[in-house]
Amino acid sequence: MQRVRYAMVGGGEGAFIGPIHRTAAAIAGNCQLVAGAFSSDATRSQRSGEALGLAPERCYASWAALIEGEATLNPAERAEFVAIVTPNHLHAPVAIAALEAGLPVLTDKPLTDTMDAAEAFAAAAARTGGLVGVTHTYAAYPMVRQAKALVAGGEVGAIRRVAVHYTQGWLARAEDAVGKQAEWRIDPARSGLAGAFGDIGTHAFNLVETITGDPMLRLSAELQAAVPGRALDDDGAAMFHLAGGARGTLVASQVCAGDANGLAISVWCEEAGVHWEQEHPNVLRVARRDGPEEIWTPGADRSYLGQQAMRVTRTPSGHPEGYLEAFANIYHDFALAVRGAPPEDPCYATLNAGMRAMRFIAAAHRSSADGGRWIDLEEEQAA
Amino acid sequence: MQRVRYAMVGGGEGAFIGPIHRTAAAIAGNCQLVAGAFSSDATRSQRSGEALGLAPERCYASWAALIEGEATLNPAERAEFVAIVTPNHLHAPVAIAALEAGLPVLTDKPLTDTMDAAEAFAAAAARTGGLVGVTHTYAAYPMVRQAKALVAGGEVGAIRRVAVHYTQGWLARAEDAVGKQAEWRIDPARSGLAGAFGDIGTHAFNLVETITGDPMLRLSAELQAAVPGRALDDDGAAMFHLAGGARGTLVASQVCAGDANGLAISVWCEEAGVHWEQEHPNVLRVARRDGPEEIWTPGADRSYLGQQAMRVTRTPSGHPEGYLEAFANIYHDFALAVRGAPPEDPCYATLNAGMRAMRFIAAAHRSSADGGRWIDLEEEQAA
Amino acid sequence: MQRVRYAMVGGGEGAFIGPIHRTAAAIAGNCQLVAGAFSSDATRSQRSGEALGLAPERCYASWAALIEGEATLNPAERAEFVAIVTPNHLHAPVAIAALEAGLPVLTDKPLTDTMDAAEAFAAAAARTGGLVGVTHTYAAYPMVRQAKALVAGGEVGAIRRVAVHYTQGWLARAEDAVGKQAEWRIDPARSGLAGAFGDIGTHAFNLVETITGDPMLRLSAELQAAVPGRALDDDGAAMFHLAGGARGTLVASQVCAGDANGLAISVWCEEAGVHWEQEHPNVLRVARRDGPEEIWTPGADRSYLGQQAMRVTRTPSGHPEGYLEAFANIYHDFALAVRGAPPEDPCYATLNAGMRAMRFIAAAHRSSADGGRWIDLEEEQAA
Amino acid sequence: MQRVRYAMVGGGEGAFIGPIHRTAAAIAGNCQLVAGAFSSDATRSQRSGEALGLAPERCYASWAALIEGEATLNPAERAEFVAIVTPNHLHAPVAIAALEAGLPVLTDKPLTDTMDAAEAFAAAAARTGGLVGVTHTYAAYPMVRQAKALVAGGEVGAIRRVAVHYTQGWLARAEDAVGKQAEWRIDPARSGLAGAFGDIGTHAFNLVETITGDPMLRLSAELQAAVPGRALDDDGAAMFHLAGGARGTLVASQVCAGDANGLAISVWCEEAGVHWEQEHPNVLRVARRDGPEEIWTPGADRSYLGQQAMRVTRTPSGHPEGYLEAFANIYHDFALAVRGAPPEDPCYATLNAGMRAMRFIAAAHRSSADGGRWIDLEEEQAA
């Protein structure tokens, strides 16, 4: 298969997530960067693109110029999808324009900054029938795919209880909120709803729904700005119910000093518990009700793994894959979908999954503002 | 020092916790079992006591007979304290009678079956001035003492967030609730409030208050009988506030298939996180905001440990101590207190700590019954 | 069963291993200390014994006096076995005298200080038919018993390769060799052959033979005093062959800074590897050729464990047992043997196992002195 | 910087290591595949190259054609280095031809199949002054670079003892030696000296010399074909001496059932031990003589890491990197060197390091054939 051509919006010099996306695409092996609007500063965009080896005329001065410009190229050359790696408030405008131009969109999470924007995004997708993917990266690890398959397969029984934690410490102190990264992430104008619950709580939420295959019905949450003076939540917790009857707890915090990227989930079922930690992503613990605990690990030679995990495993057992490979699985599968042949269990989050994460943020904020009142996720919609 | 003589109520043939207490006392080295009312069946009590090498005349037919009988002996022979290892509903009657007879009481947890009983117990203690200890075992591990000292010492900064889980799987199925153990534990008449929240949630609660040194102010809880047909909760979760401003989550469940005795706590502070797991009790992880994570382990030769941990460490580093040694620390310190010389930071829970755990249970039940309403622990008292 | 009465030689005030033995006996529950010669200083012996609650007349001024004195008591009172916890050079004289007096002997390891002494010890045992046990403690952990049973059961297939490490750091520096402990251990007059290979290498050796059930045939070793000026080896390694054809490596060192009591073994077999680490003794890793790695843990409720492990497990799953409980298993089983009813798979090392460990030390020294020449263990005997 | 153009020899359809190299180069970001001779079958080579998006005319029918063909291109287009991923016996011929043509060579390990070939390779490099790199991948992990820096920095003191294990299980059974991979690896004609000691023992050896910075002086080894009928060693062990006086053990085996890719090293020094395991590559344990054990982890935000680790870290702390990223570090640094600007501490193994690994294999075979006689590595040269 010829590699699928993509354009990137955002991710210029000094950015964090842009290079991650590009490396992921390189690992995927079926994608090729052909154009970009890497910065709102035209000169910087040009410089960034040329450093990446792009043709100068495909380093655009703005995302609008990119969408317009690519449309003028012949179909065998122009970008086949757009990757959006801007701050949150730009996801929707870029995506809507791209969709209107007939370009599929792979956007960083969360879907958008506000529920209004999310609804507009979804409406554009519905209107155009365009393909949308969201990079909830952590759901793309082989052992998460395996966990999902295990639960879906029924062998572990009905889900009883879920606990998911996502704890980081990089905003532990007031003075930590510096640098390009931290600045926009704690600025409501650019992040929207995305404090800790939006930025990382959504990953935790998506991980729950991915592994359990069971939608979250309602939650009771309490968010706070633990560091005085912040406009957005940097810490919070929730109790929740899944549609199938299971109950759970979720913690998301960016002020947990000493933690790096501590995303971990336990799904306790009737016959076994399934446990995974992002910082040791190649280990899936399956603790059986009656029998030794099992350590499942990936590997192209692991006969006990299901197709869902095997399909996204690049190396033999004992050769660790990491975060970039998980990210690559998303690009790989989205590229297949762009060409009309998505795998059965694609690693990118769908638009619907992205919308649900938005509703999760909104419900958490609403619950927290109302003393922890239980809120149904389905209640959440644009005002 | 001559060993401190004690009598045991409960813990006859076939019991679980009685032999644990006796082994703990043997390890402590400063206690000696001299009498017992091991069963409500006089013959069984006699047989149990003789198997333990007791003089026949000190194997009593009932706890009342024991308290009466010991009082007739000369002070150099009679029991100096009573250890209560009965089902929960007997803790208060035995304890009150013992206190009235001038005997200190070391009771298994939870303090009692009901708030009424707890208040009566506390009143008797206040009236008599008698010494009371409660065996919240997990707080007696050396690395828990160290965690407490670390937090108290201020080096890790103010507490931000706490997460404590206590998950077991032994009641995962309806048919698991069999055997002497399970039977009384899920029978409200004998367990009182003590379903999962009472049986193990109280340990989790006590661990939080022990390590943080900060009382729990209020909570929002949701309890359930996950296995249909049970009269008591077998699963639940709560969000809570500590007096100092920190927030936390607590999970207590006995239907988490695959888990054995999964008590684990994380206390995230401004400068470091402190993490401990009961199933690997000799490891205290201290994750610093700026520096490598540290693995603290016990050992009489560990110069970096504080006095609180060193005092209760029996072996050189690398020679693991376990559950029985933690339990022994409680007996050791209680025996010292009985003789009027308690250590500075005793390992047994005080009556007050036991009462607080009762309020925690009651508040959790009240909150759960009222849709997760936030309840202040101080509101809880006998009806 | 009435508790089995024992006397202790050595282990007075300030000793390390004596209190460990006594606590182990207390945990065992079927032993009772009734007499002792705790020190070569009569006053100190008396004081030590009385502090332990012994009758003054059974605190003897010397081990000779103890053996003589106990013999004069009536059979229902006198000690039924002698526990020897002296420095190594006294093991043989005390044991031989005890055996001659009809007293079974449980001695600390290594069996003796020299091969000559070992042969004399063995001769006395043969002559008297007396029972002898050696406290190779680490072989008495439940998960080691399980490992032994797994290998013996054949399910893991023929043994291919073994690696055993025993690394400590307490003698890492010249100035570390201070204190009562270190002094005699690095003094050839009291330790005999027992440098690092004798002191801890023997534990590693015994662990290999216990788990594999396969005698070590020959070895090639290299020992050294890594810290200049020491008369005994403090570090060394060996390659070895087992009788069944497996090959192995053994490292024993007391100068490995940062290590506490790092005994670990891997036994790789045709169908699975079996892995155990003393500092996490409740975990047995069984890594299968085709299937997830399994984590075996002890617990009276673990249906997958064999009788050998279950028999020596005191607590439910998830309630960690430690070093003292392993030691207790030795006392427990030796007491049963003293009364004529040893269990099928006793936890104490036999005299033969102790003799083999002596031959291991001697062979290692001989090989090391001869440039790593391969030496058969069977060659080793008193000069 | 424009990306550095490279050609690949070997690595066509169905190969294992070729795609790994190409993905590594893609992650590196500064390399571009422009040509290849992917198979000794011209049709297959063509098909493989086109599937990779290469121009048809740069998919060569043989490695000789590739070297000749690239030389005819203008300097701004032709390959700037050759990556060799063939079976071992072809490394030297290809490399020598490439060097003669002025092309730098990055070859898979071991350097060659025989000492003769290695000497010829080295002679060609000396003659031409051409740049050579060898892909001893495991030395390129960030935490290995950090370990090297730690030891070099002197803070952990002089090295005392080293233990390195490399255990795999994929050849555990006779019938496992099937498939393209296993076939050539156990065929002396194509693998040369490279049984288990050559294939993976060399990685272990290189890891020792990389981290310690101390050359191995001599060894005593014992190799075997544990599975009957094999022509090459599949299992072995060695004791060794480093030039600085430290002693060590090395185990390399491919018949350790249950192990995947179990490379692990401990370097015990006077003040601390440094421990690393390839299957958990983002953890470096530093166990201090006096203080808690430390867990060092990578991350662009880890202020305690040295430049050597930081330079090769792509992600923020807590975002795991893996095997492919380690491999990418080699390509990245080799590309810099090709352009004349190698980093201070490059991640690829030098020709000299590759030669030393060859001497290690030869010395191990010689020692094993001679009853474990100690052999100096410097003795080893082509017959």
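Think of it as A, B, C and D in the order they're written, each chain with its own count starting at 1.
Quick note on the criterion: contacts are C-beta pairs under 8 Å (C-beta built on N, C-alpha and C of every residue); 3 or more make two chains touch, one makes a residue touch a chain.
Please read all numbers here as calculations on a predicted model, not as lab measurements.
Of all chains in the assembly, those touching subunit A and also subunit B are C, D.
Taking the CA centroid of subunit B as reference, the farthest chain centroid is that of D.
Centroids built from CA atoms put subunit C at 35 Å from subunit B.
Between subunit B and subunit D the centroid-to-centroid distance comes to 55 Å (mean Cα coordinates, whole Å).
Looking at subunit D, one finds that residues 259, 286, 293, 297 touch two or more other chains. Subunit D meets subunit C in the complex at residues 157, 160-161, 163, 165, 167, 169, 172-173, 220, 222, 224, 226, 235, 237-239, 247-249, 251, 253, 255-259, 266, 268-273, 286-289, 293, 371-372, 374. Those residues of subunit A that touch subunit D in the shared complex are 2-3, 16, 20, 23, 26-27, 29, 53, 168, 170, 259-262, 278-282, 297, 299, 301, 314-325.
Across the complex, subunit D is touched by residues 286, 290-297, 303-304 of subunit B.
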